[in-house]
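Please read through the structure below; I'll follow up with questions.
Labels run A, B, C, D and E following the written order; every chain starts at residue 1.
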Amino acid sequence: MIRLDGVGQVFDGREGRVTALEEIDLHVRGGEFVTLIGRSGCGKSTLLRLIAGLLPPTSGAVRVAGEPVTGPRRDVSFMFQRPALLPWRSVLSNVMLPVEIDKGAGSKASYRDRAHELIELVGLQGFERRLPHELSGGMQQRVSLCRSLIRDPQVMLMDEPFSALDALTRTELSEELQRIKMELSTTIVFVTHSIEEAVVLADRVVVLTPRPGRMREVVEIGIPRPRSLGQNAHLTEVAEISGRLHALLAQKDSAEKDSARKDSAETDVRAVQDVRP
Amino acid sequence: MIRLDGVGQVFDGREGRVTALEEIDLHVRGGEFVTLIGRSGCGKSTLLRLIAGLLPPTSGAVRVAGEPVTGPRRDVSFMFQRPALLPWRSVLSNVMLPVEIDKGAGSKASYRDRAHELIELVGLQGFERRLPHELSGGMQQRVSLCRSLIRDPQVMLMDEPFSALDALTRTELSEELQRIKMELSTTIVFVTHSIEEAVVLADRVVVLTPRPGRMREVVEIGIPRPRSLGQNAHLTEVAEISGRLHALLAQKDSAEKDSARKDSAETDVRAVQDVRP
Amino acid sequence: MTNRRSWLTSSPVSAVVLPIVGLLAVMGLWWGATVVFAIEPFLLPSPWAVLQKFFEQPGQLLSETGTSLLETIEGFLLAIVIGVPIALVIVRSVILERLVYPLLLMVNAIPKVAVAPLLVIWMGFGQWPKVVMVLLLCFFPIVISTAEGMKSTPTELVELMRSLKASRAQEFFKLRLRYAMPQIFTGFKVAISLAVIGSVISEFVGATKGLGYVIQQSGASADTTLAFAAIMLLSVMSVVLFYGLALLEHLLLPWAQEKR
Amino acid sequence: MTNRRSWLTSSPVSAVVLPIVGLLAVMGLWWGATVVFAIEPFLLPSPWAVLQKFFEQPGQLLSETGTSLLETIEGFLLAIVIGVPIALVIVRSVILERLVYPLLLMVNAIPKVAVAPLLVIWMGFGQWPKVVMVLLLCFFPIVISTAEGMKSTPTELVELMRSLKASRAQEFFKLRLRYAMPQIFTGFKVAISLAVIGSVISEFVGATKGLGYVIQQSGASADTTLAFAAIMLLSVMSVVLFYGLALLEHLLLPWAQEKR
Amino acid sequence: GGGDNKASSGGDSGLQKVSYLTSFNTFGREAYAYVALEKGYFKDAGFDVKISPGSGTVDVMKLVAGGQADYGIGDFTAFAITLAKQKLPVTSVGMIHQRSMAAIMSLDGLGISGPQDLPGKTIGDQPGSTNTVMFPVYAKAVGIDPKSVTFLPSPPPGLPALLASGKVQGIGQFVVGEPLIAKADSKHRKVITLPYGDKVPDLYGNTIITRSDLAKDHPDQVKKFTNALLKGLQDTVNDPAGAAAIMKKYVPNVDLDVATKELQIMQKYVKPDGFNGPLGDVTQARVQKIISLLEESQAIGKGSITPDDIVTMSLAPKS
């Protein structure tokens, strides 16, 4: 479904270049749930933006559903790291935005029902007509989540979608997300800083190295679904894998140093391993 | 150090009233580390804003260091839920903002050294002269953290300061925060959605009910310091308390219902308990 | 603490009373000046003389005001209808911007008084040269504020629209134009005063009614007081139109209320 | 995908070439119109005639341009020096805003041509009435764009400053004014063309040099071509000043680059 | 509507629609057109006339040339100079004033009581106006050095205030402006007028302007119009107060007093003492003389116009 070959991204700024990503080779199968972890600033958001077609890669090729990515696609939804709500639109109207934009999307009334369902699902009933500035941070994030779910997309790219949510809401919503994935066999690439969340949700976890982001390891998760974040049957397995991932994150790579001022061309060290436990 | 008596907060909007907080009675001692947990939208940020003097309470009284709060104070620093960086200022200059504003703050050069130290501490060396839009979400949050630390405040109000950070950085920085607290005996009120983080950092954890936010329980944490978020000696204790807090968060209160359209005057149910284990 | 305000700042009464107080203060100063410096009435008539002049023939002056007002509003609306699409085009395409902007600037820089007779020559004595003059005077602030407002839309929101595969038209109408509304209104507010001036200038040439004509005409009878009465009416018209726009903004853009 | 751009949109050469192409296109259209419709030169002289007129006495016309330019810049700077503090006061205090705003509006609405002789009578024949006229014409866009820009500062950032216990002055100078800079520059860009026009209007009365004087002079002698040459020079001056401001903005506000 | 058919097509009433421009604004001195309108002279001649205020000779010429108006009034000297510079398709078909109304005006106490006081003084005037352009001719006639007088440019509306404030010692003005200046001066100083016509009697005042092709293709029509207008002028000269009253009907802001005085002054310029030609008379010889004067004062180039270029003698009023 999603295929990245030798993808790299370099940002040029007046204070020098930053190599955000280097030599990313990743293949996400249709219906797969991949979580992406890595230290802050390692290029996770950048990677999603590349897949979404919001940014052309400096090097390498990105393909979605077999076609080279040249721009955003209707069947891919992107949930941004920040809520990105339109300040003049009510909660409901923000959620309905993707439907409004895709005029061929079918019956508006049925989407409206779906929107109400989603709003209720994330616990925002009663706030449908409020404006974003009247909401708390986590409430805004939930609106953004509803917006990314409204059109039942084929591919979902989610950048820390639960970062501003409490543990309970997180659990509820991650269960819901798994249900959606199973029912519609959506392909999901999901960025999170919660290692447990990464483990509980993923078919595979991709661990990136710190700046520049290279693939340190890909960990296949074999725990049967449905899984739950809270107290659950697979607590020890989750804890065990989490521990490993923790260690992977902490591991110092030989090629790792401050590269804020360095050009990617200088470093060409690959660290892609595909470990299946 | 901080004392709230019968504090309530009601927001009036064109779509009706929202009772954000109700009957909050809280006393935070000097040098104490209090974490605040509660479901998204329950009024945590509002509570911090009340203490910071950014918002006058609809009812009740707020006192800091014995004086009624009438506005912001120099000895209180507030780290917002969103980074709130000035887009035209470089990282370094954003960090130096509080020093610039307090002209009586003493030697600028020494603060500059301190700023560089902090920037290095949060792993942003090499980015001192970059503008906020060139940073990732987590990097922006770290800048905001440095800014709130630069003046060694007496009281620190921190609204989900580590929400956009990876597990490792989180651990490092929460250790640093504990060190600062111990050295300077800073009073800290800290909002987080990570229950473990709440437990590891706090002397006491305050659990709020969902909207309207009332105090469900205050849990005293007896684990000796320094504690660590990652693999540590007190894993089981942390897990045990976390489990309890999880349950507290999930517990359905009798007075709990959708109150988005309800006036606080109608519900006067208190649920303040001070449980010390 | 931000929301503790005295009645002076929050009451809607004060929103009407304070401007009137300010107005009276200036009338007082004006009158004081004419008395203390014994300013000759042909230079600066006293405010009372001006008021008196107005009440001598309020009906006629009001009908002249109506004429000017109509031209002003027509030209202003035309400027919106023409200016906003130009701004859209400019933001849409860097190439068109670079081709078109300097030309707009040049047209805008032409001293309109110098071309007023030309407009009459080209368009006759009817309403058209007046409306076009108003248009010429006020289109530029509308174009530039709309364009700059749309260009300042946060990248974050533009990326959102792009990620939804919004068409360019949708990006403009559902996002950029809406986002720019407060700035566009600032442009409107600047433009409306210019529109009023435009109607006056246009009435200097080949008109037989309107306040511009009255000002011109007052020269024929050396009636400085009449000229000032007309100028006062213009000022009032301008202020009323301005606050009308402000009210409209308040109603249309509740999400963009001022932050102090 | 946002950053794949052709040389047409990214090259700095095109930033110079395209405006010139646009200019030439309009000159062509203008010339075409004069030929095709056989427009009489007294209505609209051909561009070549205008150019020719310029090269007949370039030295003299350039020196007149210099005079007008100086007045324009002086008045514009004065408008900034006066307008920005007024905007600060307006944003600072709702009460002062309500007292002062209507008065500014009224002053702005006065047709400046009507008061040009008054200025000369009060201030003599020197530079002052000219500079003041420029000031009167261009202060308002500066005031309003500065004020509205400052009012639109995000609550988030204002709260940050308040939480740091910044003084009001610091809130204004370190935050609001900086935040409003792009909008203030929009105001400047509108104001600069008005400033140019102000210098022309002021030179209609009691001046013996400047492009306004040239226009006045040529009007009387039916030298339409000379008038057009002067108007062209004014336009060019206006365009150059505008792009000067745009360049300054680009240099001063790298953080606020356009987002398309 | 505009253009060619304006003067040639009939309206519902069978009257021909015709537009007419005053020379500048609607001062009392323009009353004669309103008199012709009010008394039905235009109607009798078959015209439905719309009177619009003009904004100066050059603008009037352009409007007539451009087809926006059929007839207009302008100062003959300025008319000649303009045609010498630009060949507009307009022509003169009769005179309103037999003598130029150009003058320099001052107030008692500003140091000008006669032409001999002019050297060293500053005169405010619209640049390029007849008063400024013909000043060298006037100066020569009164025997002073034209270069000893400074001219300060200002648009006409600002002139009275400049004079009254003493910023200038004199202003260029038409003689009929006298009552206006008197009214504008709150100190009620005596107005001193130095008419050029006294010293340079050859200059005409205002002239009737129309499009060349109209004069060529429809001479009868032009004649009929001119005659109707001149009938109004005759009545105005006979009864200035009555004419002013008629004008006030059409232009309510007119100051009756000022307008009457203007028209009284104008009498002697329409019909100077000793003039016994027909009203509106033009003679080839005088036109030639004027051209020579203009050439002499270098207001126009040598040989740039001939009388035929500017006046259609065949249409000039005959007694």
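Here, a residue touches a chain if its C-beta (ideal position, glycine included) is under 8 Å from a C-beta of that chain, and two chains touch if they have at least 3 such contacts.
Nothing here was measured: the structure is a model prediction, and the numbers come from that model.
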Set of chains adjacent to chain B and to chain C: A, D
Fewest hops from chain A to chain E - one hop per pair of touching chains: 2
Chain whose mean Cα position lies farthest from chain B: E
Approximate Å spacing (C-alpha centroids) for the pair chain B, chain E: 85
Interchain centroid distance [CA atoms averaged], chain A/chain C, Å: 49
Distance between the centres, which are taken as Cα means, of chain E and chain C, whole angstrom: 38
CA centroid of chain A to CA centroid of chain B, Å: 27
Junction residues of chain D, two or more chains touched: 2, 43, 113, 118, 121, 155, 162, 204, 219, 254, 256
Overlap residues in chain A, where contacts from two or more other chains coincide: 54, 71, 82, 133
Per-residue multi-chain contacts in chain E, two or more chains: 62, 66, 157, 161, 165
Chain A partner contacts - residues on chain C that touch it in the complex: 156-157, 159-167, 170, 174-175, 178, 253-256
Chain E-facing residues of chain C, complex: 40-43, 57, 60, 117, 120-122, 124-125, 204-208, 213-214, 216-224, 226
Contacting residues of chain D [partner chain C, same complex]: 2, 5, 8-9, 14-15, 18-19, 21-23, 25-26, 43-44, 91, 94-95, 98-103, 105-114, 118, 121, 140-141, 144-145, 148, 151-155, 158, 162, 182-183, 186-187, 189-190, 193, 196-197, 200-201, 204, 212, 215, 219, 227, 231, 234-239, 242, 256, 258-260
Of all residues in chain A, those that touch chain C in their complex: 49, 52, 54, 71-74, 76-78, 80, 82, 84, 86-88, 97-98, 100-102, 131, 133
Contact footprint of chain C on chain E as seen in their complex: 2, 19, 25-28, 52-55, 59, 62-63, 66, 68, 156-157, 160-161, 164-165, 180-181, 183-187, 251-255, 258-259
